[in-house]
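Naming follows writing order (A, B, C, D, E and F), and every chain is counted from residue 1.
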């Protein structure tokens, strides 16, 4: 008869059934960064995951940063980085180079998606006026061409999705005078997810998710309602770089995103496993009225 | 870190990627019959498989017979079966009862699909004039209201698919004088698959597929080009009830269906495994120019 | 010159003009039952009437019961009817048989419509999740699988009408656990008419309409505003089986149906005559603000 | 019970059923002229007939001339008619007046249709560039601004029909230099019917139809295949003004119109009776492969 | 090198850029009358202007009167004009003639537009039930068939615009009893502009615009907010025939038109210059919140 | 009265009328390069011209190179250019840098267009699989990642045009193995113009057009039929870098482009003047059956 291996395969597919059903034709914004952008195999895994999401009926949008590539090119060109209050200043020359590097990374991702048989279109926040920004200050200090999103015009994204393309966005926008600004990729992903009323927003970075004990990965929390996330912060359980990340998540949910996932991009296919299996692999933050559905171990 | 079980799950989903891609928005006609219609668990498995096909972008159509239910009801009502040349005669009373039983089975399947969250509509070959037949004779003998499909009007199927319903068809049609006839479910499935230019036609029955040695299931042939299938018949490798089945398959391919699958409905999820994994589980018959893509063991 | 006969013919057609105009593209739900379902000539007349309505631009939907066929089959199969408080109990076996008989009658009507050149599709309340029910009790007594409509999902009806089919519905639905229930055909017709905001709902049964004096057909009332209908009941002019019928009509009008007709299915073409001539042939119940337009004799 | 009068009414409506069905959504061009344009009651009857055609699903287009109105206005204004070879010459002043009179008649018909609840739009052959003409000579003689249709641009008609208007056309067009010309209404109706591939073209004029014996109306021929019509001419059975009329009909059929009717506009509702009853009232000329379907008396 | 003449040409086109952009796909109603209807060259200029508006993306609608043509024809036919209180009475015969003349003028304009390669359709307020009126009295005196617009049914205009035609309307309508009435062309243009929510309404007549000093054309006011226009009237700066004109403009703006232009039709291309250059050539009246954008000289 | 300056303005707009009309909704591919890409004022002029084309109903597509920016960045990064047979070799590092610079230029153009109120989307030949290439050799020599277009998939362009965006393309594509290649911008513009069946293809570069005497700009030829262009080459009138340019033009016309323009990008608004005035400013090459319509001086 048929051996167990095949039956197991069938089980996995069937297990995915309710998730595919639940999220059919829903928009999923994937913020892609960190190690998963550097390691070639991880990169291909992430893209395969996103392509699968598209094929089974989701409408994914990728938002990515430039990771370490920008620093590498700043060095290559021999620029002198300038700092204020310990913060790197994005002067005009740096902005120009950053945009070039982001565009390069963007087209690599486009090519990778296309090589898997899915049509992708790479755009920046300038195209179709997607992201409008205003200058951002750091504690009142001028840190150059760093922008804060003030308005999202999602028409180009809706149009590309309608025409069955996978949009890949890099976070550069213009202000009212059409000057160019760099945007934090997490912030851009949030703003976009909110503007398109995404069902899901997934952050792929070098973090395992939220743990009750930072030093013990086995204390990973699979699902958190917004108020639980807020309590974790106020109780001092999470700290450091995690706080703005979680605040971003909470903000996204309060602006209409249904569920935000913090995923470890270093785990192969973490996106797929989080979405399609009964046991999430990272941490999901959800609306107060959202149903927790991962089975506890 | 993440244990192997999760990575294996991801692998299965990723393995399905190219198949989902290849058959996106293609019509798959599933002829459903045999044991898989009787055993409740098998039945639910088949329906889950079809629902999954729909969710990942296929457009499935189910064609089913009444299996042993018709015989059971003939007994229950106390009818006297009549035979000519050893063939059961479908007189008017039998035809009436058969239609009733088929309708009942049809609505059970509709309910099962709906309970999985997919909208289904059950129709007969009379609805929308789907199946037009003429009286069929067996070696010149009148065997009653048994019809042969002469014309398929697929408008109702296209309309239901466009409106995102899963059509479930039972094989009863009318002749030019609007008299009711029973149709062999295999034949109806073939005629429908041809009329809608199905990408795939899958027969779910109590057969393992085509084996080189009927007595040795390990000699199952995964893929056959049409001429190979014909040669198997002419060389006498297949016999008995298998011959008309294979002839039906060849006929379907010659009339525009791309690939016909003979699957063992007794294996759980055989439909899913055949379509989504690298190693088919039954026998696929394909066009001369069709590419074989299952890996040999 | 042209003889009078021809001029009379033209007059009849011209007389229909304003009615055709008034109801162009409006939905008409026809509840079909009683003698008109048994007598073959009456049956053909009813179907011809409905087909004509469709051809001149109405959008008819037929809802039918099984009439005496169900009782006939209960006897045929040798079932023992069970009663509680004088009410027949629909146990599982009876429900199964009832569904089969209703499906059979449904397909007969489909065939009859198709034979007149109009495409029909027969569905039950299960298809497309049309009718959701909950168990109904009779004075607290369990009378089996008899359901009360709790929700109508009219998408399948709108889709079939858009695709130019004539939908023919039999009143079987499912509860939240997807169990099968029988529904009173009058109730199902009402629920459907309300859900699709029908212009008209016409009951074809073995009643002449509402008469001031039950024993004198010449006292038939052609048109009643809702409050007049209510007064007839409170004044005791109508009684017996007529009361729930009229209450049904009032209910339908209060839920958005424009005009409800009680017609005698035993009169040939009563549907046509009621709708297309200056003198109605049954009783119409209309909204308080509805205009009475039949000429008194 | 119901008296016979009502049953007769129903019969007439049912008799219309197959004709309504056959011509559903088909274009019918009605050339309207002669006495039926002068007598107010006949005029209203014709318009009611056309409106009924529209309501039961046909797509009628009216083409009309100006009848005796033009002559009346020529007199009123005190113009001196000029003749060449016995033919009236349409000089510039006459053309201007004719266009004015035709426009007036056109708007009267528009108003009449609108008063019956149907939206109509009156246009000339100039609007949307419907009718392009070239100057026509009579035996080489210049008879002024009389044009022959060289091109029909039916877009405006299709657009009005799509938007559910009833188009009413008067036969004035322009040549390549955008000069204005009068067109014979019969010719314009033919050219339009051909351009829109009309199912039917009906001439309403003061002729009873084609008779075997011109002096005996009882010899009216109900239906003629093209070759029979040609034979009638060559055998000398028809003569005088009838010959060009029949040649026009034959021409229309050879250019794609399915059936041409010659009707006596003096008979009330002749259009309706011809189309909706089993016994035509005028003469229909049909394609060689067209089926004769009027019953002989 | 390129001489200055060419660079100047480019400048003019570039100057038009923001205006084309601002009014893209907006509806502009042009009331056309006065000298510009009599002088053939002016007439061609106006039509060229309107055609250019259409080509660069506006949606123009022309509304025109009959100017002096009606009086000329009244004389020609030898009618005796009748007066009440010094006002000409539109009796039935005059109305009939007026409609004929207006239709003639209408078709001339249609032909002129068509000769420039744009498809036009000429209609009256009767077509498609565009303009419904009621009888208008002058200080209680019956002045015959002069109507006041009570309802506009703009469907025919929207339909023609959607189908890319340029609609040309003459102001004749019907009352509830379908009697014919003449309508003041300015009033008809206002009513239509309001009903279609026109971006602009432009009056082309023999007035230079609004001047601070009626005797000094150099005191022309380019732009007026509504309250400024009202003040001009209350302060007595404008008088005579100008008052109703300006009141019409104010009324139009208060009913949803964005900007109303009073233009001198005697200046060649005044419409084009008003719309496409930085310095308007007539007077524009705008909403309180409308931005003045013409440069002062 | 109105001074001459205004009348002249009107004349220029009216002169543009027939050109706007002729090319309404037609696709115009503008190859943009040379000095017009460096001088900021010229750059803004070109973009204004293209925006005007879009506003008056054309569908422009911009294809641009990187001009001298690429060389500048090669120097900046300190790369050692490598040459073979005097040709620069595009090694992997150069390709990477070139793509970055082209993307930067692309986004500058996008921003410029957006600042004029038109939505633009900048893409490369990778996006949506627009440009597929194969490696190009120069006389058999490997010159690195320089590609020749083998296939154009214009779907993304049609989609962006349909959604009313102005597409701006930079010429980088992938081969079958998804490796990145640089493409000559003139070749890319030709391939794209052919694939979308452009009405016009305009080359904006530092050439005045085709002159009979290279040293005398006054001998500029306004219009050339293909055979005339070919004769100019064979007769030796044109030489040097002009020959491949003209061959490209001829090739484009033979593959379906209607008219190719060689324009001097150094003349302000040369694109506008060429298209909208009676006297072209560069050289147009047209199909054998194309009509010459520029007036000779």
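In the analysis below, a residue touches a chain if its C-beta (ideal position, glycine included) is under 8 Å from a C-beta of that chain, and two chains touch if they have at least 3 such contacts.
Computed from a prediction, not measured in an experiment: that's the story for all the values here.
*Asks:* Common contacts of subunit A and subunit F?
*Replies:* Of all the chains present, none is in contact with both subunit A and subunit F.
*Asks:* Of the other chains, whose C-alpha centre is the longest way from the centre of subunit A?
*Replies:* D
*Asks:* If I list every residue number at the interface of subunit E and subunit F, are over half of them used by both copies, so same, or under half, so different?
*Replies:* At the contact between subunit E and subunit F, which are copies of one sequence, the residues are largely the same (over half shared).
*Asks:* Determine the centre-to-centre distance between subunit B and subunit D, using the mean Cα coordinates as centres, and give it in whole Å.
*Replies:* Their C-alpha centroids are separated by 56 Å.
*Asks:* So what's the Cα centroid distance for subunit D and subunit E, whole Å?
*Replies:* Chain centroid spacing, subunit D to subunit E, equals 37 Å.
*Asks:* Averaging over Cα atoms per chain, report the distance between subunit A and subunit B in Å.
*Replies:* Centres of subunit A and subunit B (C-alpha means) sit 43 Å apart.
*Asks:* Residues of subunit D that touch two or more other chains: which are they?
*Replies:* Residue numbers touching two or more other chains: none in subunit D.
*Asks:* Which category does the touching pattern between chains fall into here: line, ring, star, complete, or other?
*Replies:* Its topology is that of a ring.
*Asks:* Once the touching pairs are worked out, the chains link into a ring; list them from subunit C, going toward subunit D first.
*Replies:* C, D, E, F, A, B
*Asks:* Going by the contact rule at the top, pick out the subunit D residues touching subunit E in the complex.
*Replies:* 76-78, 96, 99-101, 103-104, 106-107, 110-112, 114-115, 119-124, 126-129, 155-156, 159-160, 163, 165, 172, 174, 178, 180
*Asks:* Quick check on the complex: what are the subunit D residues that touch subunit C?
*Replies:* 1-2, 6-10, 12-18, 20-21, 24, 48-49, 51-52, 55-57, 116-118, 217, 267-270, 272-273, 276-277, 279, 281
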